[in-house]
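In the two complexes below, subunit A is the common chain; its partner is subunit B in one and subunit C in the other.
And then the complex of A and B:
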């Protein structure tokens, strides 16, 4: 049943003009960027759009269903709220991963066929880095979406960036180091992704992966906990 | 009512996920990640002995390595932090090339504008390896890791040496 929700999410989130255009654009940008790079293909540059694609795909993931009333129909299906939310989250991640992999395979494969020197390890690690950042943003948006209706999760998400910038600017201009530190900390957490240089996973990369995993599970734990306890007029014991 | 019916919209506390989040949070505090790359904090000093464009000798005995960069360019900062502040990479570059830093902020000056024009620089960072006559041996647009940069430089050096051998009578 969860698989049904997953594929429903893939169709529902992807088959809209903006996500579809961005998805295809990400793949095309990877290919074009690989043609443009002269000596090395170190990373699919189009994959840098994956986090942006994540925002478009995950915007209002739950909030829209609550707002337009379709959540009641979904909750009437024989599955738990956690299964429903997991299906939604994995649906978005499947689209992101497929886009990232397609862009990487086409750009690196194309360069290799042209006789270029492809650094497979570095290029795949770069793609994975962008995918991890994108999945972190999906987790953040889902955490916002279970608590807010419509597309307010996107407003909260970009609002957090604005707060980070404001705090940094206030700290920078007034000499209040705590504001500056708080702003920089928030900005770093929002944009955090482990640095996986060529998959040579040393101590530093392992700690960054731990930091990333902690961030994502915290956001998802909040999302699953709140979604399960939220009163939606149906399906809650 | 079968099992499926019981599952309808059922809400449960996700104990497993909450426990995992708590455990990872504790581990994260015990084993903190190092500062992320490209941060706005003071960066480690670059160990490459960069020349200014006007300091390039007329008849250099080594190939020239131009680094086209810009102060606003985040990938340039990351590359500087990872590659040019690294002792191993810096030693290789200093011994093998004449490194020249070309900042976009000086593009208004004739000598810098000529370099941008000659090497058709349209993106940052761009690395260009050129021979003594100013001909491009190899170029690289966009950020690449330390390992990839060293590989790029090594291949450019081999190409330069092969070209020099061919030119000798």
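And then the complex of A and C:
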């Protein structure tokens, strides 16, 4: 059942013009960027678009189905809400991973075939960092999407950046250090991804990975908890 | 059997609404049960509770002895919502195959079932290959009806199934409901189309202000008013003949007589009148009974 929802999500996301264009654009950007590089290929340039792609793919992942009524048809089928949500989330992650890997393989592989010097360790670590940031953003958007209808999750997501920016600006201009700290902390958390430089997993990288894992776990735990308890009457709620 | 026991549901917000207030119902297996009532009376909330989308504040709902959101119940449930808004980027075929797979059919069974049901509902292959966003409301409703019937459900929940459909579609829906009943399915039908409810339902519940104010049995016990139009000079004779048949006739207007007839005896009317040399110029149902009951209950 979950696999059916997963593949449905993959297909549904790729049938929409904007996600499809961004997926292809990410792969093409990786390849084009690698063509300009004559010396060392240290990372797929297109992978930097993965977090942006994550926002487009995860936008309205649940909220839109609730709004257009298709969620109720899915809920009437013999699958649990957790299976439904997991299928949706993994579907987005599969598209992200496939896009990142395709761009990485084409750019690094192409450069290697042209006789370029490919730093595989750094290149793959960069790819992984972008993917982890993208998956964190997916978790954030999913947490918003289970609670809000339509595309309001995206508004909440960008709104959080705006709040971080506002707090920082107030802190800087008024000298209120707590505002500045809160703004910077929020911004750091929103954009957080572990730094995996060449996969040399020292204490710092391990701590960052743990930080990432706890962030994602918290966001997804909220999403699953809320989605399972949310009432979904199709009349007035 | 579906049991609704003293179910209440209140929605909060600035203006709290008591959507359901102590609703109790029992729907027998194999019965077609209608829900009727004015807008905002709580029919949709009741349907949501029956499907397990909403949890009652008090009381409980049991479908075949289980909670309505139990997977065992879901496996045997078909549902058509009132508001038909499916994933618009999918084609009709993709949408139906997805739901057939989710209903537990294998890929080949799914394809076969989708083709067979779509054909029954007048959805040709070319139409199914178009995106759902290009469908008219009536066509989306037909697609919705197909998806509701994919798993040959034992419990069929239909919310305004014929809404937006052309007359042919309305007839098809009626036939499909009766076919579901014939194979033993329990059907809950929420509709404002009283004539349709009257044609297919065994019983109806009148819902008003969150309460079931009355449950009426329609099938089997119901006497349908039939209007006989004859020569004005023969009205007295017609009344005597129909009274002889025990049909409680009433003279109405010029040359018209209304008789209350059990559906199974409608065929006896014209021969009895003709045998008594009463000219029968017209003979037709005088109007839906349910409409009268609905207006009485308002």
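Criterion: the second predicted complex is superposed on the first by the 233 of 237 C-alpha atoms of A that agree within 3 Å, B and C clash if a C-alpha of one lies under 4 Å from a C-alpha of the other, contacts with A are read in each partner's own complex, and residues count from 1 in each chain.
Convention: a residue touches a chain if its C-beta (ideal position, glycine included) is under 8 Å from a C-beta of that chain, and two chains touch if they have at least 3 such contacts.
Quick caveat, the model's predicted, so the values are computed rather than measured.
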| item | value |
| --- | --- |
| Which superposed partner A:79 touches (first subunit B, second subunit C, both, neither) | both |
| Which superposed partner A:68 touches (first subunit B, second subunit C, both, neither) | second |
| First (subunit B), second (subunit C), both or neither touched by A:221 | first |
| Touched partner set for A:188, first subunit B, second subunit C, both or neither | first |
| Residues of subunit A touched, compared between subunit B and subunit C (which is higher) | B |
| Subunit B versus subunit C as contact partner of A:122, first or second or both or neither | first |
| Touching partner for A:15 - first (subunit B), second (subunit C), both, neither | second |
| Partner chain(s) touched by A:149 [first = subunit B, second = subunit C, both, neither] | neither |
| Which superposed partner A:210 touches (first subunit B, second subunit C, both, neither) | first |
| Subunit B and subunit C contact sites that coincide on subunit A, given as residue numbers | 1, 75-80, 234-237 |
| Interfacial residue positions of subunit A with respect to subunit C in the complex | 1, 4-5, 8, 11-12, 15-16, 65, 67-70, 72-80, 231-237 |
| Contacting residues of subunit A [partner subunit B, same complex] | 1, 33, 36-40, 42-43, 45, 75-83, 117, 119, 122, 184, 188, 192, 194-195, 197-198, 204, 207-208, 210-211, 213-214, 217-218, 220-221, 224-225, 228-229, 234-237 |
| Subunit A partner contacts - residues on subunit B that touch it in the complex | 4-5, 7-14, 17-18, 20-21, 24-25, 27-28, 31-34, 36-37, 39-41, 138-148, 151-152, 155-156 |
| Touching residues (chain side subunit C, partner subunit A) in the complex | 11, 17, 19, 44-45, 48, 51-55, 71-72, 74-75, 77-79, 81-90, 94, 98-99, 101-104, 147, 157 |
